[in-house]
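All remarks here apply to the structure that follows.
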Amino acid sequence: MSVTYIDAIHQAMAELLEEDERVFLYGEDIAGSFGGAFKATKGLADRFPGRVLNAPIAEDAIMGTAIGAAIGGMKPIVEMQFADFGILALNQMCNNAAAHYFRTGMPLNITLRMPCGGTPGGGPYHSQMVEALFAHFPGVHVFTPATVADAYYMLKQAVQIPDPVVFLEHKYLYRWLKADTWVDADPLPIGRARIVRPGRHATVVTYSAMVPETLKAAEELSATSGYHIEVVDLRTVKPIDTDTILASVARTGRLLVVSEDFPWGGVAAEVVARVASEGLHLLDAPPLRLSSRDCPIPYHPDLWKAHRPHSEDIAAAVRYLITL
Amino acid sequence: MKEAGIRAYRAMEMARAFDTKLSALYKAGKMYGGVFLGRGHEAIAACEAVFLTKGVDVYNPFIREQAGRCAWGYSVLESARSYLGSAEGCMRGRDGNIHWGVPADGNPAPISHLGAMVSVVAGMLLAKRMQGIQGAVGVLNLGDGTTSVGATHEGCNMVAVEKLPVVIVVTNNQFAYSTPNEREFACASLADRGRGYGFTTHECDGTNFMQTLATMQKAVAAARAGQGPQWVVAETLRMCGHGEHDDASYIPAELKAAFADRDPLAVARRQVQEQGWLTAEDVAAVQTECVDEVQRCMAQAQKEPTPVPAETDWSAVSWKPSRY
Amino acid sequence: MPSVPILMPQLGESIAEASIMLLLVKPGDTVQEDQEVFEVETNKAVMAVTVSCGGVVKSISVCEGETVPVGAVMGIIEATQEEVERTGATTMDAAAVAAATAPAVPTGPVAMDGAHFRTEGEYREGSATAPMETGGRGLPVPARIRGAHYLSPRVKARMDELSITEADLAYVIGTGANGRITIEDFENFISYVDGWPSRPASPMRRSVAGSMQRTWRRPIASAGRPIYMAPIILHRRNHPRKPGVTLYFLRALALALAEAPECAGYMVGGRILTPRNIDLGVAVQVADGVMVPVMRRVNEYTLDELVDEYNKVVKQARDRKLDPAYVGGGIATVSNFGGFGLTFASPMPLPSESLILGVGAVRKTPVWSDEVECFIPVEQAEIVASFDHRVVDGGDIGRLMQRVAWFLEHPELL
């Protein structure tokens, strides 16, 4: 018996609906027997009548409605069908919801779930990573779970946090990532990164679907080169756990940041900037980034694979880093 | 009707006195940003809000609805504090001028992006519906220019799809900043837009106090009675610049002449006497009271402490991870 | 009576200044609260300026046609305390009033350079491996950073922690790209070093080490010649107080430098500092190091006059109890390494000096004599000058040494 990443998300939402009557789900095609483009909400509309609502195709208004509902004391969990479409809700999220607490003193308990990241054949508008875009604005937390247990616990924690949370679910992980259970005896608190694999030759900081890619690269490196890399899963890109990153770089002296996002002004750049500012004395080589290409995401699977980092690229980047 | 009418008239006098004082202070260099007056909008704003109850209903005025804020029950002191950035105001100097509100009262703090608040009001009423609260209505303002914005379309459609008890008041004041109607929309009447969304529509002369009062009473009552969303198009002329930095030289002289004897406040003063609600002495007394009240509130707001950067928490979120 | 400013208002979001069109009031006029007092024009509109408080116009500091920045005080109203209280107007203190009524002092344009950091260069993803075009001067540009010979911030930080200099790492063969010393190389070296017997370097040793390390950053050249020692030996033998041999050299160098002080010039940036006085140091070997007491104005006193002082400073130096009067400020130093039997050495000037004169041991050397047509034994020593080649050249030093040699052959003049 195994469970998937999307099972964990489904379970978390079911429990949240069960536990708190202020929680409701809102988004396109999530209700009825359909249960969402990825089936994350399948069956929940029947179990919780009136609390799983289909919205018109209107990302801006979906987010605006969630803001109003949160002002009215509800805890909406919004699903954008694709993170790429969530960009249409950027104005409401970043100019309205994110600014609300600072302006008025009233935090808005909104969770914005967005299926993000690339899958074969996804193409330019069903593949993008948007964490840096949303994290840029003050007033939101941005979660990027990479494991089945994190998907479950972090979604539950997202709803417990009174502020807007952007919850980025990686589509590639939905059914590909499996575990025996989503239960974790000792789940980490929000704001703490996880050392997924200890190592001594280099630190690789990453998040979301690049975590399993990096672990694959780590296996290969230790088998073929004898390099043992330390893999840090950020878990939340905002808040970002600078302390754990610096502690790891202190152990290894070398840093590679891997992100599936585009390279410009992204989370990888933020991590490098923080280590360069606060941990220059820890570095024995220039800190490196590995991101997608600075190009729209292509449709054909061969092009797509050459566009985003994968385990071989990560291993090559680590080898290069170690020779610097 | 009489009681509401007198309250609405009084709110108009208060708003005009406030605007007059605001303009003078602006020209005396006492204001930090822009100053936006509501001359020509007073009847519409006062009449739409006078049928609402603070704490029960939802009211989302925008740029020119000072009379509405007065009719809803806020002292001009709060508006003065907002403009002057007083630390004692509800926005604490973090936002200012007309961007203020007390969300807990049912009065959200609007953002600058036109149309964004339509769905927010929808969400606030959706929350009430989900919480089983009955009989509440929401009133929000759009201008002729705001009807061009995509967010407006998404929000209006949302209100209609959810059949929410919302009254959308479209004030056509002939100019969106400097852009006249013919460069803003091409439908015969802005009422057509409301009909298209599925709203019940109403039209009135926004400079005619009694007509506006009756129209608003009818629209608000219909929404409250469960007859679905209502759409009121009220015509007037913006009898001032977009802001006080704008001399409105682009408004043609003929248009100004056509509205010369239609100042809604002058009309209201005449009509409350014609109705026998107030005597000439009463009207004079109201004017004096309002000027004195504005004077007192402006002086108080100027004497209040301003926000102190060093004492500001500078946190955009209410929740922070605990350090470990 | 309180003073209330008439301010240039912010007449639009992007407006920084406005021009005065018309003054509607003059000093002495009585104005009411909210009365329009000026007409101003921005690039957007013509607007009125009002006063926030009633009173008497005390002063107006602008004139028609003048352009005034937003927020500037354009005039002052004198108002009663009651009026200020009633309107909530902001008052000015006496200093602000004085500043606002003082005649304007024209100021030059404010340099804005450096107000913002400039961001240059285009996006260049992948350029770490792509060749770059050569620069405007045709110089080759390194194609990539890989293998660049640097010490990493981490290695540097560890070096600071352990007081290790780059010179100390000469021993280490780097295993990084192009022989770079990686942090692993560094830590391995430290472990290796830890395995050797060692003793801590004394403060004196570390001071000499630091001093020599610093001085070596300059292009130091050495030049030498033999001198006849017989006249000194004879003079000294007949002298009742037996002056130290080094003192003869101090005097000879002092007299030569007094004639050509530029030989002891000291270069700083584009300037050469010239000696103020002929103050000369004498290198004295002490336990675990060298001390250099400095004798003042050596050219102004005779050998006889200097004997006692010389003996005193040498003793003080050996006892490492040097009087502060003899510390620092020298322009050149004499080092008598001949005392250790050395015939030749390449002495190093102090970091604060450009010149050092070294004296080798006296030897009987066969010298060809044209008069007797055979080799005859002559008592000779080598003298060597080490100097900052930025300041002087071989010719200058050759002439200086020639004069030193001449004086030494005439010890009676010393």
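Chains here go by letter, A, B and C, matching the order in which they are written, and residues are numbered from 1 within each.
By definition in this document, a residue touches a chain if its C-beta (ideal position, glycine included) is under 8 Å from a C-beta of that chain, and two chains touch if they have at least 3 such contacts.
Nothing here was measured: the structure is a model prediction, and the numbers come from that model.
Chemist: Between B-C and A-B, which chain pair shares more contacting C-beta pairs?
Modeler: A-B
Chemist: Among the chains, which one keeps its Cα centre farthest from the Cα centre of chain A?
Modeler: Chain C.
Chemist: In whole angstrom, how far does the Cα centroid of chain A sit from the Cα centroid of chain C?
Modeler: Here the centre of chain C sits 53 Å away from the centre of chain A.
Chemist: Could you work out how far the Cα centre of chain B sits from that of chain C, in whole Å?
Modeler: So the centroids are 67 Å from each other.
Chemist: If you average the CA atoms of chain A and of chain B, how far apart do the two points sit, in angstrom?
Modeler: 40
Chemist: Touching chain B in the complex: which residues of chain A?
Modeler: It is residues 24, 50-51, 55-56, 58-74, 76, 91-92, 95-96, 98-107, 138-141, 161-163, 189-192, 239 of chain A that touch chain B.
Chemist: Considering only the defined contacts, which chain B positions touch chain C in the complex?
Modeler: Against chain C, the touching part of chain B is residues 20-21, 24-34, 241, 243-247, 249, 295, 298-303.
Chemist: Can you tell me which positions in chain C touch chain B when the two form their complex?
Modeler: Spelled out, the residues of chain C in touch with chain B are 6-13, 15, 33-34, 36, 42, 44-52, 70-71, 85-90.
Chemist: Quick check: in the complex, which residue numbers of chain A touch chain C?
Modeler: Interface residues on the chain A side: 253, 263-264, 280-286, 293-294, 320, 323-324.
Chemist: In the complex formed with chain A, which residues of chain B make contact?
Modeler: For this pair, the touching residues of chain B are 90-92, 94-95, 99, 101-104, 108-109, 111-113, 116-128, 130-131, 150-151, 154-155, 157-158, 161, 315-322, 324.
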